[in-house]
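These are the structures in question, set out in turn.
Okay, so subunit A shows up in both of these, paired with subunit B first and subunit C after.
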Partner chain A sequence: MRTSTAARTGQYAALLAYLVFLAFPFVWLISIAFKPPRELASLHPTWIPENPTLDNFRQAFDEQPLLQAGLNSLLAALGAAVIAVLIATPMAYVMARRRGRLAKAATGWVVVSQAFPFVLLIIPLFLVLKNLGLINSVPGLVMVYVVWSLPFALWMLAGYVRAVPRELEEAAAVDGAGRLRTLVSVTAPLLAPGIVATALFAFITAWNEFFFALVLLKTPEKQTLPVILTHFIGAGGVADLGPLAAAAFLATLPSLVVFALIQRRITGGMLAGAVKS
Partner chain B sequence: MTLVTEPRRPARRAPGPDAPRGAPDHGAWFLVLPALIPILVLSVGPLLYGILLAFTDAQSGRTEPTRWIGTLNFQDLLHDTLFWESFRIGLVWAVGVTVPQFLLALGLALLLNQNLRMRWLARALAIIPWAMPEVVVGIMWRLVYNTDAGILNETLRDLGLGGGHDWLSGLGTALPAVIVVGVWAGMPQTTVALLAGLQNTPRELHEAAAVDGAGAWRRFRTVTWPALRPVALAITALNLIWNFNSFALVYVLTNGGPGGRTRLPMLFAYEEAFRYGQFGYAAAMGCVMVALISILLAVFLVGRLRGEAKGGDKA
Partner chain C sequence: MTRTSTRIVTLLACAVLLLAGCSDGGGGADDGRITLRFQSLAWQDESVKANKELVREWNATHPDVRVEYVQGSWDSVHDQLLTSFEGGEAPDIIHDASDDLADFAYGGYLADLTELLPARLKSDIPHHSWETVTFGDGVYGVPFLQEPRVLIANATLLEKSGVRIPTPEHPWSWAEFRQVAKELSGDGTYGVAWPLKEPVSATLNLSLSTGGKLFHRGTDGKVTVRFEEGDQVVPRTVHDQVDTDRSASPTTLGSGGSDTLPGFFAGKYAMVPLGFSYRQQIEQQAPEGFDWQVLPAPAGADGLAQGVSPQTLSVAEDSPHKEEAAAFVDFLLQPDNMVRLALGDWMLPTGKQALKDPALHTTEHGWATGTALAAHLRSAPAQSVRGYAEWKDKVATPALQEYYSGAIGMDELRHRLEEDGNLVLARYQR
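Take a look at the complex of A and B:
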């Protein structure tokens, strides 16, 4: 379709405005992370640090147990991602291929769970996990994260299953393969990229999660990165900006890298789950 | 992320032989069980338990046994002006974030759907807020809003518009300031969803309308919008729920301050439960929040769907 030059210019201007709005806070975070204290105290802060330094990063590691927190986050996110995908894939298969009451109920749960009020969920979860001795423990948190990431995992995976031609499975069945055999040796390999994308998405969700971690993890040596980050902000809301920015920047990097890897698949997965017909 | 286009499914499934139905499918149960058990134990179960708790005087660290107290919590809640103020703020926040979020995301999605250069870069950048931990988003905007070292005040000073605003602790500015952050943080999901919807609109219709001399606005109204509408409705409803349940952003930005001006219902309930240990009372709050939000949402959806039926120009 033809578009006039004026309209095109307007479109580029609008796009640029969007990009500035979306990118500037992140640029500012990076800028502060590399600024020495003297520049941070300056009354006329600049976008680009005049004397960039890594001191803020060193100080951030001195002030808070960032390494331990990173390890906790990694364990929680990896555990959640692997377990969620392992248990969600078979169920997603049923949701995509069957029409029984079971599949309907599962789909219904996926939709309804989006509206779940966390307050109503967290209090009983806290009490249950406390009775099981799983408060202030990363495995307890992993259990919560698995269930919490299931709706989206099921949704994405069901979309990917639908994209696998049914005829392939039927052909395997004709050749005498049992249902489990078909699932493992025909469907699973074709699903692999989708499964990886789903696992990575679950990883990011768990890596970024804050509310459950705040309630369930009590001592600093068990806490995950988002919770530890809030410790940089003092009681009166006063914060040492440099180390705060440095730590926040580091905590974001893994999510950004993983997200960059699966960006196309996420959009694709949503399309597959939603618009596929 | 659930953008349901259910109506299409029956049409697709009708022809062709399906898996045998009728006899109970043991294989399906076997496949479903590994996910079903955690869902029941850690999601459905706690939800029911939470509803029961709302009718008890459960508190943390108490030695006496918990007792049933009927609807006492709900009666107390009815007269709890602080809670209703918080609920009002929650509604202002949810609507104040969702509406601009939708409009801005729609604009961005329409742009990204055009054949512009640098589109790949724009798409990648537009998704950044989505990938970030909410806590980092909060921290980042604290740095932007910072009174002395913040870039916002510095920019205003440069433009000669005065400076020294205390955005996050000013009584009048705190809520608008956090709403801007909410809009920023939620734009990517909405944009991606709308973009997916846009790519599903019939291209031929669009071209035909252009040939017939329909202007851009007219093409949007008559071709794009009807196709986009289900997706727009679904994502708006979800955004309302998600925003109403939002916690981490405001916890980091203001922690409900100043003077409770940004104390969203989730923050209120969190403090009630885990700071003051009033489990029963906080559970009752949760129940009331869910019930009221469900009603509001139902009214919204029914209204929209009726509007669609009335103006249903599906030529």
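Take a look at the complex of A and C:
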């Protein structure tokens, strides 16, 4: 069936409108980040700053330990991504390949665990981490992020595993390979794109997370970027808008870059195994 | 074990070691020195600097009691403190606001400071300020910074109109204020823009000037809502300005204070009722040559009285060093230091000595006007009412918003605040 030119034009127009809708907050953020205070309070704001300035960035770095916070965020996000993938890969393999009650129960638990709101978990979690001496430490936060991202990582990786033809593993078994050897030498290489996508998903989740970091990290030198950003907001919600926008813009960049790199793989991961070939 | 499986095990072991090895361990060097954690919510550059400098000065003169500055955030302080208290990890010295303390005080998380504070500090801060931090028989914080609501006015428009300029000695009455707003309106300008995103606290606090009380405590200790004549003057004025006189902008009723500033700078609004500390933002953002001035809020039967919820310093009940923590609070709130903190936050100190400082009596940026209002500030009426938060969110906020927008009348407003409101409060007072 051929699509008429008018229909196609309409589709593109709708797509463009949607893109503008999505991009608006980010473009506006960039615009604010480069505006001096007087332009921020203009009744007729402009998209492009009339007197662009880097003062907001300078002030943001002067007032808050942004570099340290960025490093903490990076450590937490990388740690969470690596550990989540190491744990999720063999588990996802079992969930996808085994058909017993245990696999079904595990899959069910993964779904149920997504239903717990984090406000319900935070105080018990705080007490557990306190007993482990992991309050106010990035490793403690990494542990939380691993647990938090595991269910979705498992679900995502299981989809990739299901997409790997069973026959390849059977052929490896015929050649004498055990379960572990098959997983490592046959399945894992085929899963590589999925593993990367899952790791990056865990990375972005941890990079953007706010509430756990707020509660678990006490001192500025340990805090992550999302927590540090709130320091630009004062009593009654009054914000130091320029420096806040500048810092938020910088904080957004890494996850934007990462997401741009992996978004096709993430979509692939979610759809993998959805349709029988 | 194969080489590959060995690699996997090694990787996992490394991950576990990474977790365990990087941990703080939760302890500190035990050299006999006391370390106190002071969580400050200072956020403006000048204010953060003032706080950090004072911490440095304390540490330089008190080698045995080191204070560690911890940055908190107004945006999330309640949740963060609650979790810290529950987990026994709260900072020793806590910066907060008096309207956030009730739950923590009644929950036993804050130390009663009655016996911990020196007589100097107790007598320096007026009784009505201490009322804001008194819950039951205990005092659970030291109120140290406060801000009245003032009228920030476009001085050029005000002068052009020829209206009488009010002073703290001769303020406008509410009726006069309504008349002035009408006179200032026209040619695309509204006389006033009420930023009433949080309509309840603004209305209740300003209503103290007209004898408003709203919450009445009976002999049995139970609180009931009665929306009487004194409570109705301020809401009626706002309502009439918006819906009858058209001298107040209807679009700012849902706005925060900062949202009204672009219109104010553009001459769209002649006056904006704002917290005293907004002056800093105005000074920073006003276009060059923009002339603004600070006026006292209108007065009523009770003069310039206003409700405030001061910023506070408290000590955690779990702190093993309460006396040292109280000593640090005393240091921080020495008159000179209190002035430094007040100037940093563009607010008023509560201390009587600090309020005498010449820096707070200059006419520049309206400091003198604000300082003259300090004696009229009272504890926000709702502060010690249990169930206030639910009453505010579920009953009062929507009712006042609808009233101000003209959707309901005064009778319906009274019905909702009293009938619906008392049902809510009753649940908390069984």
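Note that in this section the second predicted complex is superposed on the first by the 252 of 277 C-alpha atoms of A that agree within 3 Å, B and C clash if a C-alpha of one lies under 4 Å from a C-alpha of the other, contacts with A are read in each partner's own complex, and residues count from 1 in each chain.
Following the convention adopted for this analysis, a residue touches a chain if its C-beta (ideal position, glycine included) is under 8 Å from a C-beta of that chain, and two chains touch if they have at least 3 such contacts.
Bear in mind that the values here come from a model prediction, so they are computed numbers and not experimental data.
Peer 1: State whether subunit B and subunit C clash or fit side by side on subunit A once the two structures are superposed.
Peer 2: Once both complexes are aligned on subunit A, subunit B and subunit C clash.
Peer 1: Of the two partner chains, subunit B (first) and subunit C (second), which one does A:W207 touch, if any: first, second, both, or neither?
Peer 2: First partner only.
Peer 1: So, does A:L127 touch the first partner subunit B, the second partner subunit C, both, or neither?
Peer 2: In the superposition, A:L127 contacts both subunit B and subunit C.
Peer 1: Per the contact definition in the header, classify A:L40: touching subunit B only (first), subunit C only (second), both, or neither.
Peer 2: Touch status of A:L40: both partners.
Peer 1: As a test of reading the superposition: which chain, subunit B or subunit C, is in touch with more residues of subunit A?
Peer 2: Per-residue touch count on subunit A favours B.
Peer 1: Name the contact category of A:T219: first (subunit B only), second (subunit C only), both, or neither.
Peer 2: Once the two structures are laid over each other on A, A:T219 reaches subunit C alone.
Peer 1: Once chain A of both complexes is superposed, is A:I233 in touch with subunit B (first), subunit C (second), both, or neither?
Peer 2: both
Peer 1: Where does A:V138 make contact in the superposed view: on subunit B (first), on subunit C (second), on both, or on neither?
Peer 2: After superposing on A, A:V138 lies in contact with subunit C but is clear of subunit B.
Peer 1: After superposition on the shared chain, which partner residues are touched by A:Y93: those of subunit B (first), subunit C (second), both, or neither?
Peer 2: Once the two structures are laid over each other on A, A:Y93 reaches subunit B alone.
Peer 1: Based on the superposition described at the top, state which of 165-173, 201-209, 219-227 or 237-245 belonging to subunit B clashes with subunit C.
Peer 2: Clashing stretch of subunit B against subunit C: 165-173.
Peer 1: Determine where on subunit A the residues touched by subunit B overlap those touched by subunit C, and list them.
Peer 2: 40-45, 86, 122-123, 126-127, 143, 211, 214-215, 230, 232-233, 237, 239, 241.
Peer 1: Okay, in this complex, where on subunit A does subunit B touch?
Peer 2: 1, 3, 7-8, 11-12, 14-15, 18-19, 21-26, 28-29, 32, 40-45, 47, 86-88, 90-91, 93-94, 97-100, 102-103, 106, 109-111, 113-128, 143-144, 146-147, 150-152, 154-155, 179, 204, 207-211, 214-215, 225-226, 229-230, 232-233, 237, 239, 241, 244-245, 248, 251-252, 255-256, 258-260, 263, 266-267, 270-271, 273-275, 277
Peer 1: For the complex, give me every residue of subunit A touching subunit C.
Peer 2: Contact set of subunit A toward subunit C: 37-38, 40-45, 59, 62-64, 79, 82-83, 86, 122-123, 126-127, 130, 132-140, 142-143, 180-181, 184-185, 211, 214-215, 218-220, 223, 227, 230-241.
Peer 1: Enumerate the contact residues on subunit C facing subunit A in the complex.
Peer 2: 2, 4-5, 8, 11-12, 15, 18-27, 37, 41, 43-45, 48, 68, 70-71, 73-76, 79-80, 83-84, 86-89, 91, 97, 198, 256-258, 261-263, 265-266, 268, 275, 277-278, 281, 284-288, 311
Peer 1: Taking the complex as given, what residues does subunit B use to touch subunit A?
Peer 2: 1-5, 8-9, 12-13, 18-19, 21, 25, 27-29, 31-32, 34-36, 38-39, 42-47, 49-51, 53, 104, 107-108, 111, 114, 116, 118, 122-137, 139-144, 146, 148-151, 154, 157, 168-169, 184, 187, 192-193, 195-197, 199-200, 206-207, 210, 216, 231, 238, 241-242, 245, 247-248, 251-252, 255, 257, 265-266, 269-270, 273-274, 279, 282-283, 285-287, 289-290, 293-294, 297
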